[in-house]
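The two complexes that follow have chain A in common; it is paired with chain B in the first and with chain C in the second.
Up next, the complex of A and B:
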């Protein structure tokens, strides 16, 4: 255990590993490409970053207003989307080829729209750094035609908790502010139950803690061979054949297996190999 | 002279517990790098063992190899939280101990704890206040186990969901620090069988009534409020091809997050208080690996901004090497060939999303000959081994910027990290601060290498 930490050394506090705690207790062990996530859906910390309104955790749609919000903001929920903050766009146009080898052009989603929102964490990083506690110009646009725009000056909420010390001095603590997310807010948009995510959405994007490809070795042709982590009944002697995700394939764990017996069904993997 | 506490902190400020039904929490361990390109070694570390009856604590070092499961099930990861304090006239925080309390004329039972946690997963879908599952353990100073019994207005009478437990650890002569422990729940799913159902479907809609259609175009009133992705709950598809809906099975899990607060009233001075956040999630099933983009990276960016100001040093070099290592660890556990497939079949990766979500031409992202797990892992290993000869320049140049995630051109999809999805559903970009750090370290390569030597 360290002997002392400067109150201003917020890095040391953020990364502090308490006596007896394994590394998996640290924020540095939790995935943040949350879609929706494993330990928490970190997107939720951005919902209340602009005082007065509530944003969708994923999209740029305004989904609510806070209790004491000024009346003009009440027009926004579900009808308007946030487009820019202090001139910084929070969206991008999706481009690519519509046919293989074709030119890169704006391409539409299922609603014939070529615009996507950027994830809050990166889109608002500079705004948060420069304007925390200050007002910023927020530009909103209607989601449905006719096109209309609105501008409001909204204050950027402090992300980290501020406390008043004896003597009246304010200090920043390394904890996410209470006003940013109520109890339960960080995990609210995770799958329900969480085991559902291990099967439903082909989420191979958190492989470091939710493995995908295990017992990997080089095959005879120089390409790798191995098992799907979700493959049932595998032993060290099992063929190294990756069974592609398919809800109908009986060789893979089912929702029922995960809901009822996840502790038995899911294996710990160490050095890429089944450890049990 | 009596001292006065003027500031408290709980460290860590965000602690993650991991579910498991074993009564014996996971031992402590260190992740040690012995081979610069090999897996991290899991080495037993000093562990604190708590007697749940008395709250007393002792330390021991477990023997290798560590076991992540025992005969009861998965061993939960139950984090400790420590109180740190600053005394009047001092500039630094130090661990709050029995001795420090005594210097302030206080005792361990002068320390008061409160815990508020909730599981808002049902509420997030139904938007009904009565579907919030929550508990608020009012201030206590004893060393008993306090169960976090999640209550909900739409539950059946006297039914609760266990969200875990907490305990104020009894300080001792050898372990005199003021510490607290959060033990997450067992990972139980409620509602699978009538016997363990807790939800009253005559009062709420979660069981058998709440539904979401196959697409998110439900009109402004509802569709825009759905989670993205939607249909992220257990249920059964009902209806025809065109009007199919996922109807909730009504299952409820025992994850949660919330606050642990500590409060101490000085004998003659002011009240001092602090809080930390706790959350519970599934186990890290590959405990020797770390994700490439983490909540730790997000917090660092939120704290210090998207750019690394000033001259980068060996500290940043070490951090960048760690990011490359994490990328390698992720790549080693992904079936790159499968995730690169230009296919609409489930089990395919971003190419499928790009076509289903955006109508992009369906094709693999990389030449199939290069999208191979072992080859990609080797490429990362070469970067790690070649840091001193400038290999980071290639890595830095290959990175995707945060505002390039919508570039689904052939070149755009080949940026790094490859084959992965970000929290906006587009191709993953690292945090802006991670990218800036990597680029600055790559640019400062020669100077940093000589500093390191």
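Up next, the complex of A and C:
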């Protein structure tokens, strides 16, 4: 049956919202452009961008190999991280001021090396543009000591779906390729703002509907003191000590606490202070 | 509200008022397969059912109607001009002089109304350096040679080409070369040089011999068609990396487009394109009214032959049509007709920068010089004022983002006498696009 409205050229294919679809199904309108998203998790398209291996959606760790991957790749999962593609690093050293107005210095992180993963859409955009369908040199390094490196030539998958036309030519369509996003891949890790994201998302991310730093008081020296919102002990008498986030630290709420007893664990915060 | 109720309501809202308060949001067109619509914003093309077309046609609130059908989109083009775009394309007027005396030449027989002069090697070198001054690895730049007749100063043309090729290799960039010549001075060695550097060579040829000779005589009044063709034919046989095309300036004297197109394609030109003469240096031979209608009919006849050939799987490089099909398929939408004064400048023989090759020696289009680069203040003013949202009657035209407002030089000098022609051509191209997309989708595969 003929559709009542059928997009023809590429801009129309990219922008058209089919009847019945909500506005958020358009790439430009969806809350899915960052990690992870409410209706799809765009990060997942990058997991299979290199043929043979499966990358983690946010870190550069190799989490798996594909079924028909050559045997040498089997050493990579969970032990190695991707460092460079065609000589371009996928990580960067993060620098900035530690105190307001201070000098730019390497920012400490949990592994003490100030190195962070670049978001795949940025790190691999140029690789995709130049090398789609071609082989690239991928450099891997062990996650934990002892340091070891490996290099493999892997093929970059095409990002957009291609259809075979009469005569053998292929046309590129304005949709994400099935090859890099298998059925279910885009929805397998959505936001859960009222469960996990309560714990994992800090206040600078939209899914966090809570403050990070509460019961704040300004000291005479100009520095502030207060509590991490995830601290269990937050009575008026509690020490104004900020407990740094750590899943193992018993002073902080766990995911389990939130799932089991959220109504007891969570409290109202008004004007940055715990409400009685 | 139920869909059917809303449809009826849109029908009842009556027909569009004669004068629209807002620029048109869409253009409806039809083929044997049904109705289609071009959404102006983003140049999006849809095939639509007849009831949708009727509702759109009858609506007096276009915004409401297109929202209802899900055809709305965030604005692809706003009022902002690009800020200080980097130089990525230069044309060098290596010779501000010419051996021909074309009746309509915008450069006033090649010297732009000044003393004839050549570009020095030093100016050419510095121009090439400017082109590569801000380029980054992986980017692409364009170097074009124009005049006057650029082959009257072929030494500088070759030196600049070789310098650019070296700089491109060093910087990891791609440089593309092109030259527009009257063809009278071409030599086999030129052909080998152009082939070696993969030039796009454009030969100005105005149609069958008789018309060409009337429009493009030598300075002494002698005919030039046979001379040009005898020099061009060896190049046509050399084409591998090089592409040799014919550019036909259409005047009231050479309106037999189909004959011209087939003649040049059969001769072995890579492609053939037509452009109406809208603003001539002398005011002679400019196209208007009836002549543009005749030209449109000729263009459509060429386009229909293009469709037939593509359906048969044959190559038929009618440049206006191949470009239109490519741009409509991509949904090209632009606030300017070209890159003039943005990333593209024309360099005069003296090393002054102008908005494009047509503005050389014209204070209106002066944009700095090769040593200090673009005059950013003048460029910002130019890009702000030339934005299609600032042009009339473009603001109220459905074709505004496909046309971009028309050649700056022509519109500043003569206005916009060819809007009906442009709309007529684009309307035909839209219909041809939908037909070909359905019948020969593989044509658009590349």
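Keep this in mind: the second predicted complex is superposed on the first by the 163 of 276 C-alpha atoms of A that agree within 3 Å, B and C clash if a C-alpha of one lies under 4 Å from a C-alpha of the other, contacts with A are read in each partner's own complex, and residues count from 1 in each chain.
We adopt the following convention: a contact is a pair of C-beta atoms (placed from the backbone, for glycine too) under 8 Å apart; a residue touches a chain by one contact, two chains touch by 3 or more.
Keep in mind that this is a model prediction, so the values were computed, not measured.
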Partner chain in contact with A:271 - chain B first, chain C second, else both or neither: first
Chain B versus chain C as contact partner of A:137, first or second or both or neither: neither
Partner chain in contact with A:17 - chain B first, chain C second, else both or neither: both
Contacts of A:6 with chain B and chain C, given as first, second, both or neither: both
Chain B versus chain C as contact partner of A:160, first or second or both or neither: first
Partner chain in contact with A:241 - chain B first, chain C second, else both or neither: neither
Touching partner for A:148 - first (chain B), second (chain C), both, neither: neither
Comparing the two partners chain B and chain C, which touches a greater set of residues in chain A: B
Touched partner set for A:170, first chain B, second chain C, both or neither: second
Set of chain A residues, in rising order, touched by both chain B and chain C: 3-7, 10-11, 15-19, 28, 126, 130, 165-166, 171
Residue ranges of chain A in contact with chain C within the complex: 2-12, 15-19, 28, 126, 130, 165-167, 169-172
Of all residues in chain C, those that touch chain A in their complex: 34, 36, 39, 42-49, 51-52, 69-71, 73-74, 76, 138, 313, 328-331, 333, 433-434, 437, 441-442, 444-446
